[in-house]
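Once you scroll down, you'll see the structures, which are given as C-alpha cells.
Two complexes follow with chain A in common, the first pairing it with chain B and the second with chain C.
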Partner chain A sequence: MPHQFQERHALEELVSMNAAAAADHLAVVARQAIVVVLAAEGQEASVAALLTADEEISVRFSAPGEWLVVTGLQTPELLQQSLAALLRETAHCVDQSHGRVLLRLSGANSRAILAKGIGIDLHPSAFVIGSSANVLCGHISINLALVDKNSFEIVVMRSFAESLLHDLCEMGRAFDLSVFFAP
Partner chain B sequence: MTAYRLSAGGLVDRATSLNFTFDGQSMKGLAGDTLASALLANDQMLVGRSFKYHRPRGIVTAGASEPNALMTIGSGARTDPNTKATVAELYAGLEARSQNSWPSLKYDVGALNGLLSPFLSAGFYYKTFMWPAAFWEKVYEPIIRKAAGLGRAVLERDPEAYEKCWAHCDLLVVGSGPAGLMAALTAGRAGLRVILVDEGFRHGGSLLSETTPIDGEPAAAFVDKALSELATLPNVTLMARTTVFGWYDDNVFGALERVQKHLAVPSSKLPAERVWRIAAKRALLATGAEERPLVFGGNDRPGVMMAGALSTYANRYGVAAGKLVALFTNGSAGYRTAADLAAHGIDIAAIIDSRADSTEVAPFGTRVIRGGSIVDTKGRSRLSGITVERSGFEERIDCDAMGMSGGFSPVIHLACQRGAKPVWSETLKAFVAPDVGAGLRLAGSAAGLYALAACLKDGADKARTIASDLGLLTSAAHLPAVGEETTASFTALWYVPGARSKAFVDFQNDVHAKDLGLALREGFGHVEHAKRYTTNGMATDQGKLSNVNAVGILAGMQGVSPAELGTTTFRPFYTPVPFGALAGTSRDEHAAPKRVSPLHGWAARNKAVFIESGLWYRSSWFPRAGEKTWRESVDREVLNVRENVGLCDVSTLGKIEVFGPDAAEFLNRLYCNPFLKLPVGKARYGLMLREDGMVYDDGTTSRLSDEHFLVTTTTALAGGVMSHMEYCAQVLWPELKVRFCSVSDQWAQMAIAGPKSRLVVQALVEDDVSNAAFPFLAAKAVTLKGGLKGRLFRISFSGELAYELAVPAGYGEAVADKVMDVGRMHGICAYGLEALNVLRIEKGHVTHAELDGRVTPDDAGFGRMLSSQKADFIGKRLSTRFGLTAADRMQMVGLKPVEKDKDIRAGAHLLREGAKPSTLNDQGYVSSACYSPVLGQFIALGFLKSGRERYGEKVVVWDRLRGEETLAEICNPVFVDPANTKLNS
Partner chain C sequence: MASLIPCPHCGVRPKEEFAIRGDASLVRPDPESSDETWNDYVHIRANPRGRYREHWQHVAGCRRWLVVERDTFTHEVFSVTDGSVRAWEIGR
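What follows is the complex of A and B.
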C-alpha cells in the first residue's frame, strides 16, 4: 500500500497565509530548494564560474569553496539533478532543502531591523546587491543576502527557524513588521 | 527664596509648563529643563544626603559629572535609582525622590554619622571592625551597608524593554559642542558617513550656554542652522540622548541611547534604552573639558556650585542659583561667570581670585579680592555666607550661592580606556590624552583648546585630516566668525590652605583632603592605592570632578609633580549603564534560542513531556491516562520496547556528510578504530579521542558510497565535532582531499526498536529489510512505499532489534504518524529520552555521562577498539603514556544493590566495604543509574578502580548528598542480552 506523506513547513502553525503586507514585511517562503555545493579540491574557481554563469539559480557564498544555491522555482530533486549535470565531478552537492528555511525581509527599514541583530555593515555601499555572508543574527547563525534594493534573503537552519522568527518579529516591532507565508 | 527662574532668557519653552514632584512636593518646571534646573527654579537647594556623613548636599554641576544630585526617579517597578538630576530631562508627571536620608531629607538621623566622623576616617572599616572576625559578616557589614550607600534598586521585575543595535560609520564624532559640530559639518559635507552623538537631549553642548555670538548671531542659532544642514545630509546620523560609554577593540564604541526615559508614558513598541555598538573607521572625541572644583573648607554646602554650572543654569535654562553670588576662582573662568550672571541682573557679592597678580576685568562695580581664598562657608542646609581670608585678614561675606572654578581638565576618558595612560601637560596644568593612533583623535577643549574660535577651527581641521586619511579631499571649511573672547587661563590650585571645616575632594564618597593625608601616612600614597584606601573616585561618578584634585593634592603632599603620580585607570563605562540595557533582548525566552526537532509536532500530538537538552527541546516521556508518575510511563515504555516495538525521536543527533577521495583516510585518522575498509552500505561504531587520549565523542559512521560517508555525533557535541573536523582538515591534514558539511537539520530521524520493529519497518519501505538482506549495521538509501526517499540504518542503542529511519525533515511528522499507524497492530508506543536512557543503561551503552572527558577507551571497555595497525590517529601517541595504561585506573562496571529495594543515584562515590566514608578512600563513582523494569531493581553504571577484575565483589555506594550508604554488587555492565542475540535476530 503506497503512503502519501504531507510535507510540513517548520513555521507552519506560527505564520499565517498571505494577507496585506506592511511597508516592512517578512515573507516566509513556503517551498524552496537549497543545495550546498562543496567544490572538490582545486576546482573552486571553475565551480564558482559555472555557478555564477547559471541565471536560473541564486548563489550565496558561505565559505571558501562552499556555496548555497537557492531557488524558489525548482523542486529539490530537479535542482540536485541540474547541479549534478552542471558541475559533474567538480563538486559535491548536498540537498538542504528541508534543513533550511528561507525568509525574505523587505522594506525601507529592513536595514534598521537587521542592525538590531547583525554586526556587519549593511549600508548599500558596503553590502551591495548580490552580496551574501554567513553572520550571526543575535544568537543564531544565518546566511544573509541582499537580493534587491531593500530586500534581503535569510537562510536559517530549520531547527532555529522558530526562534529566529520570534527574534525578527521583536526586531521589527518598532516598524510594525508584518509576517506571512509568501504567496 | 533665593534660587529662582529669571524673567527672560534661556532655551526653555516658557509656554510649556510641566508639573513634577520632588519628595512628594508638587513643583513646576518648563519644557527644556533638566530635573536639576527645575529644582533650582523651585529654590530646592538641598537635594540629597552624602554617602558617609549624611551631610546636606546640593546640585554642583550641570552635567554628567554630578556627584550629589542623584535621585530616584519613577515609581513601582519603573524606578530608577541614582539618576543624575543634572542630565535627567524633565517631563510632565516626573516623580523624583531624594536618596540616602531617613526619615526625611531635611531631618536625617544618619547625619549623626557626622559627629562620629573622627571614627569614620578613610579605611575605617579595614581597621575599626577587624575584631572579632565573626562580627564582620553578621554585625559590622550590614550596619555599614545600611548607613552608607546610594539609591536602592527595586526588586520587582523590570517592565522596560531594552535592545542592542549595530551602527557603522567612517567618522564617529562624540560630542556636539563647537568642535564636534564643525567636525560633523566638515566631514558630512565631504561625504563621509558620519554619526554625531551627544549625551544631552539637545545637540549643541557648550554652545547651548554660550554667550559669545557666532556669525553675528546667538550661538544657539548657529547650532540650529548647523543641525538643519546636517539633517539634510543622508550620510549623517544625529543621535541625541546617547552617551558613548566605551572604546573597544577594532574601533568599536559602546553607546547607550535613552530612547524614552524622558517620557511619562513610554511606547510599547520601543525600548526604554538601547545599547549601540558603533564600528567607526575613525573617531573624533569632542567631549569638551571638565571644570575643576576647588578644595576649601566647607566647599560641600548646598549652594556651592561649579562656576560654569552657574553660567549654564542662567544662560541655557534661565535659572539663577542665587540672588547674591560669590565666585572663587584661580583663573579667567570665574570672571566669565560673573559677567554672565551680571548680564542676567544677578548681583555678584565678590570675586575671590587666588592669584595676586591676575589682570582679568570684573563686571563694572564688582568687588575683586585678588590673592584671597575661602577658608569656610556658613549656613545650615544652604549657603548663607563665606569666610574669606587674605594675608591673615578674615572677613565674612554674605551670599546665597557661590561658584568655584579651579581650571579645566580635558575629558579624555574614552581615549584612555584601552591601556594608554594620560599624559601630564605642564602648560595646560592638566592630564591630556596620549597619542592613541589614527583611529581616535581629540578636538577642541578635549584637546586642551578653551577658546570658542579655536574649538570651531580645530573641529573643522581634524575632520578634514580624517577625510583626507580616508581618501576624500576637501576644501578648507568656511569658519564662522566669532565675537570677542577673553583668553582662558588659570593656575593650578589643588588645595586651599587654612580650611576651618572639612574640605571635600570627592563629594560623592565624602573624601576630604585629610583622608588623602591619612592614606599617604599609612603607606597608600600610590594613586591607585589611595583610591582604594579612601574611595576617592569610586561610585557612579568615578571621580569626574575629584580625581585630578586628588592627584594634585597627593603630589603636593609628596612635593612632586602630578606627572610623577599619574592617574588611576580609565575603564568603561564613562557613566553607569543599566544591566537591562546590556542584556538587551536576551532575556526570558530570548535568552537562548530554542531548537525544534522536525518531529516536535508528532511528539506533542502524542502528549510528550519535553525537556531542555542543550538548546533542543526533546521528548522526555509520553504519559498515558492513569499514569501518576513519570516512572510509571517510563517503565511501560521500556517494557514495551523490550516486548513489542517503540518509536523514539533521534533527530537531534549530529549528522555530517563527508566526501572526497580521502574521506576514508580522513575518518581513519579522526577515529581511534579503523574505517578504511568499512564496506559500502555498512555502519560502524566509532570512537573519537582527544589528543590527550581521552574519549571525545562517539557515534556511528556509515559508508554510503566509496567516497561518501555519513558521520553521526552525539546531540551535545554535534557542533564541537564539526569544528574539530574543520580544524583537522584545515590545519592538521590540509593535504587530504576531503569536504564535509552538516546535514543535521535536513533529516528527521526515528529509532524504531523492539522485537517487532522489522514488521513495522517492512510495512513502510519498499526494500527488503529481512535479516539476510539487511543485517545488523546495514546502512542504505531506501524508498518508502509511495516513493519518498529515505535512509535506513540497522543500529541499536537499546540492544533490541532496531532500525533508524531518516527522511527529509519536512516529511518527518507525516512519516512518524504513519509509523505509529502501521505499528499499532504490533503494540507500538512512543518512547522518550528517559526510556532511551534506561534501555541503554540496561544494555551497558555509554553516553557523555560516562564519556565525560576523563575516560580512556579502555576505561569504558573499548580497549580493543584502539587500532594498533594504524600508523596514526588523533590520541594515539598519548594513549600509551604512563597513567593512561595503569592497571588501577577506574574501569566501567555495572552495579546492583544487594538489597533489591535499595536505589542508587548517579554522582554517588564508591568505597571498599568497611572503609571510612571519605574522599581519601575513594574507589570510584556512579556515572548513570536508573530503575530497570526488566530486572525489577535499580541498576547503575560506574567507574571503579580495576573494576573489571572485581565482578562479584561488594562495594559501598556512598551518597553524601542524601547521607546514605548502600551495599552493591559489582557486575558486568551489560545487564540485558550480553550475547547480543536480540540485536542480531
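What follows is the complex of A and C.
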C-alpha cells in the first residue's frame, strides 16, 4: 500500500512567516541539509581533513570522530550522496535533515540571551567564529556554532525544537527577541 | 559535588551535562565466581570520603564515557580521561 509522506516543519504552526526582524532575532531555517558523519576507527583525522576542505558545507563538532555537516546549498539527498562519495568507507553518513531543526540567533545581545541557558564561555576570544560544541541549553542538548560575529546557529533534535523555542523566547524576552521563519 | 568537569573533548562543562554511573575501579568478576563475589560486585559499594574514581558520561556533550577522579570532600577534580583510553591503560 503506497504511503504519501508530507514534509512538515516541526515549528510550522508556532512560528509565523517573515516580518520585520528586531535587533535581536531568532530565524527558524525552513530548509536545510544536515548529515551526521561518524568516522570509522582510526580514520578520524583523514575524515576531518576531507570535511574541512569542502567549502560548500559547514562542519560542526559533535564528539571525537563525529560531526554534523550542515548546508543550505544542497538538498538532503545530494548532500548525503556527495558525502558518501567523498568519504567512502572511511565514515558512516546518516541523513538527519528532517530529524533536526536549525535555528539562527543573531544580534548584539545574542550572547547575553544564550548565557541564560548555556554553561560555556561564549566570549568572542574563547568561542571564536567557526567554533561549535554540543552543549546543554536549559535541559535540552543542542549543537551550538558561532557562524558570524554575533550570529549563532543551533541544531536541535526535532522533537525538542518546540520546547527549545519556548525556552529561547523566554530567554530573549528582556531583549525583545523576534522569531520568524527565515526567508 | 564537583561542579565543573574538564571534559577532554569539550572543555570545562557544568556537572548538569553529565550522568554519573559510579565506581570506576570495579573489575567484573569471572562468570563462574561465587554468588557472594557477584553480590559484592553488583551491590556493595565503598562510600569514601576523599579521592574517588568514577565513570561519568557526558550525556549532553560528546556522549563519551569518562573516568573522573575527584575528591568527594573538597570537590576537587584531579583528572578526567576518556573511558576508552583508561580501559586500554589497564588492559581491559
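Methods note: the second predicted complex is superposed on the first by the 178 of 183 C-alpha atoms of A that agree within 3 Å, B and C clash if a C-alpha of one lies under 4 Å from a C-alpha of the other, contacts with A are read in each partner's own complex, and residues count from 1 in each chain.
Here is the rule we go by: contacts are C-beta pairs under 8 Å (C-beta built on N, C-alpha and C of every residue); 3 or more make two chains touch, one makes a residue touch a chain.
Note that this is a predicted model, so its numbers are computed, not measured.
In the superposition on chain A, contact of A:Gly119 is made with both chain B and chain C.
Ranking chain B and chain C by residues of chain A touched puts B first. Applying the stated contact rule after C-alpha superposition, one finds that A:Trp67 touches neither chain B nor chain C. Touch criterion met: A:Ala133 reaches chain C, while chain B stays clear of it. By the touch criterion defined above, A:Phe152 reaches neither chain B nor chain C. Common to the chain B and chain C interfaces on chain A are residues 66, 119-121. Against chain A, the residues of chain B that register as touching in their complex are 163-168, 193, 269-270, 277, 279, 585-586, 589-590, 592-598, 601, 616, 657, 659-660, 708, 737, 739-741, 743-747, 764, 784-788, 807-815, 818. Residue ranges of chain A in contact with chain C, taken from their complex: 62-64, 66, 119-121, 133-136, 141.
Chain contact summary for the complex, chain A toward chain B: residues 1-10, 36, 38-41, 65-66, 76, 92, 94-100, 115-116, 118-121, 123, 126, 138-140, 157-164, 166-167, 170-171, 173-174, 176.
By the touch criterion given at the top, residues 9-14, 16-17, 59-64, 82 of chain C touch chain A in their complex.
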